[in-house]
């Protein structure tokens, strides 16, 4: 078992004929994901890699292939519409990799997704990988992961790779690694993911990688204190970030005195969640908080 | 007991300082309605008839007076907003008397009202009167009604008066008389009202007055057949109406072959609902369908 | 409110729907000149506010200007369902590969705008609905979200096979919906939307009905109203805030309230008469309305009697009575008028009317019967 | 993206928010002429893209043109939080009875626009939030319904007692929200909105931040960007699709991915160094980006070493290595550069770099330590 995706995941790739879409579709297939369909309007009838059927719409893809999960690699201007299309077509989980979606578009798309009862991950996220099931949906590199009992959740991309790589190198395999995205408005937040990890029997401990901006980490800290039985280790990026500057991610910005790394670290400490000061400290804290997890 | 309004109704009148609003507010008070507040933006602080406090917003009115029902007499351009305001302020029942509300405004206001869990009657309706409780919300003349066991529901105004007057004159008192409105998009349809009558213990039989346009009567016929235990007598106005012409009410129009009186009459006959050919036949049919109701 | 095809096409064009070039003319000479200037085959289309113009012979293809003139001579002045054609639209003829139906209505059942589309365009959608309902695609639009791009694309893909054409149709669907919302339409329709053999998509007919309730905020649309194409009685009634529809009978009637007015019409028919009209004077107590109402009905020479049926709720019977007195003073009334007034201030009204020696009735049944009697 | 007060006022004015007359000037003479033309007291306001201009002495009231010139001479060229004032806005002074705060932000928690308002305007809203949070009214707007008229009215009624003023404020709230949506703002703020002793309501300050992600569809807003007011490094980085923020330290760093870049900055600090920047080269494998990144960092004379930290996922390490080789050929690099490349195509990258004899590291900890060492 893992969170949000597993062996039953039947994936449709939106934007499969594009540069990023085709590259990662191949990577996902090679890792073991059951890639059942692709969508590019106007390219319906083609075969991707000689075998995966391409459709003009997600609706057709779902009807023809029973796809239940979608991953989106379309341009930012069309991403919110692609999300709504997938939700309308009836998939259960949507992972939106696309970066740069206007925030008002997401403010309108999110209620649409919720009306349809879908789970949206992202946008502007690296997606999910479940090493125990060898399934991935997104762009997380398969080379750095290993099967195990740690759930990883993060707002960033390469920092997650760095942390996951260190976990794997130090003998900590993962149940699921999830990048929830660096935008201010996202479909799935830390709490949603922590809930999923708490109820996933294969996850024994969680590594949470936060960053400056917003209050998602603070709310996660409250949630952990109130609801979680499994140990959590946290790391917050952006301790040296100046006020008022967007640090790459649209959501990574300290406004006035709000959303600082310090505030988030304190929230976790108050919730008795050990916080690593540097990435390489994470495995050490994990060893203390959840002894015996090393493979 | 009666449907939608009763002795516990605490009424706020939106547009209480206007010509229609003030006239009918007085009529409602005199009949016995518990008029607790009025609203006219900018007139807050006044007293209506020397005793009913006037507020600038429905929110204030609800907070200060615990009003649970609103009736709207504002101009058509502001009616949809007035409906949303009442819904947002937390009243349970909203009766919109205003005629001439643009249909797209209603298409947007109706989901807002439903999100808030309110019951909207109208717009373009004469409202509700409950003779057993001597409560009225709207413009139905109190002089023509009498307490009894017949529930009356209608899409029109004066035709309802005519029918209710004949009922009362012939010894058939009413539990509740409801005008649901003559517009194509209304908050409460025949089925909603029939449900209320079916579950209201003081209602023993129902008179339903329909008219050309739409399919609300046809659906009501299906509902009666499937779900109603109480006898219903129907009348449909507009048997001689030409195709394609709006007959006064925005909703009273035969489009092509759809929405004719004939189609509706047949639907009721199929559902074994007796249909009066002329208004004065209603009491006769009622006597047959529900003997012993005469006072 | 209905508007003409050429006006609907202008509204569509303003939102970017492709429409072939066209101009309006009122004489055969103008038609000839326009067709000559185009130098191509044209279609001469009667502009009247009813459907079925083609079947009535009001739409003709002309291969050149001479033929266009000939057609115009036939069509101008023609009577279509009781309306006289006083202008025609000359549009450049378009080669047609396939015909598509596209329409948006405000749907009463879902309480939302619904887009209807069919690859079987060119015929009336009601006919398609009857004979082949599966050929009609329906898309319910959430007015809060608006029409989403993917929805247009998915709908368009059900109307054609070529993706280049689908893309054009999808764009036209978006624009059609935009026009629908922008002008407060109750119906906006393109039938047919044609695909040319070259794969171009064009709206060659257009129909828009406007929500009367929204005209107060649509002054530009209101100005499109063609008063010459309407019954003068309906125009006069609307200006006074009355609701009037002319019928073919001889028993006129004036009623307060639309439902009661319909029931009164129906009752005239039931008792063997023929209603001459629907006329709702509304809920207010303005005596001027009664005068206008009588005046409009007197304008119809086939009317032989008038039944006035007032149930006073908000409307006060004495106001109506006073209006009647004034009307009799101002107008030259030779027809019998039967009056039934009941409800608010009924006694005062009866007192006012007593002096006038009019036939009265206590019930609508009685009044209708008396009016029919007096009409024959 | 930030825009100047005078630009924000133009955007507000276009939607009908009342703003006192004002003009921009770059010299004291221009200021004098404008103030003379107005013939009234004016306010001379520095136009720089930071808050706290008033406290820094960048906003001054002048009773006449001579005083305006004097103030302009002081303010033009002034340094405010590291930015040089090169233009001022001259606006007609307004008599103030009360000051109101009005702002719209995109709220992360509710995922909706939130309108914030306070009768305690004129001071920073963060300060009000800290000291008297109850003085702030919050209205969450459903972006699907938009801001409903009654919501503006109810909110406005909490900001003033006089209904004539409330009506004006309600209208301004509607217009503020309209601007917010129209220009894809992430923040739109009027602070203060003033009520004059005569009961007129006017926006005398204005601030709008634009959602960078939406600039692609807002070319007119994008054209308001004041490049002269920005760090040239940040401008160059943005043009190449990099994300760069200048800091005050001496250890430069180039990283792929925002989170890893922040963590790298933090690690430099943790190990006793001072990061000179944040620089995210993003996810693609374009060698040109590496060249631009090095070039930008080399432009800062305080930088003493550079750490390149690449975790190859989508980014291929060999591409980065090739970019480095080209950069060393094209640029005159005298600084020590420590390279850590790991992940996709790591082996190929190491082969390419082997010839260049650069200090390398296997871990980010090791790389950071080496870069700090080389900087001192």
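Quick notes on this one:
Going in written order, the chains are labelled A, B, C and D, and every chain counts its residues from 1.
Please note the rule applied: a contact is a pair of C-beta atoms (placed from the backbone, for glycine too) under 8 Å apart; a residue touches a chain by one contact, two chains touch by 3 or more.
Just so we're clear, the structure is a prediction, and the values are computed from it rather than from any experiment.
Touching subunit B and subunit D at once are the following chains: C. Between the chain pairs C-D and A-C, more C-beta pairs are in contact across A-C. The centroid of the Cα atoms in subunit A and the matching centroid in subunit B are 52 Å apart.
For the pair subunit A and subunit C, the distance between C-alpha centroids works out to 56 Å.
Separating the CA-averaged centres of subunit A and subunit D is a span of 28 Å.
Multi-chain contact residues of subunit D, defined as those touching 2 or more other chains: 144-145. Counting partner chains per residue, subunit B has residues 108 touching two or more of them. Under the stated contact rule, the graph of chain-to-chain touches falls outside the line, ring, star and complete shapes. Every pair of chains meeting the touch criterion is listed here: A-C, A-D, B-C, B-D, C-D. If you check the complex, the residues on subunit C that touch subunit B are 106, 108-109, 111-113, 124, 126, 142-144, 181, 184, 186, 211-214, 216-217, 243, 245, 247, 255-263, 265-270, 275, 278, 280, 283, 311-315, 342-344, 363-365.
Partner subunit C is touched in their complex by these residues of subunit B: 20, 23, 76-77, 100-108, 110-111, 126, 139-141, 143-144, 154-162, 165, 182, 184-185, 209, 211-216, 235, 237-242, 245-252, 256-258, 261, 277-280. Interface of subunit B with subunit D (complex): residues 41-42, 44, 56-59, 78, 81-82, 84-85, 88, 108, 112.
By the touch criterion stated above, subunit D contacts subunit C in their complex at residues 144-145. On the side of subunit D, the complex with subunit B involves touching residues 145, 148-151, 153-154, 157, 163, 166-167.
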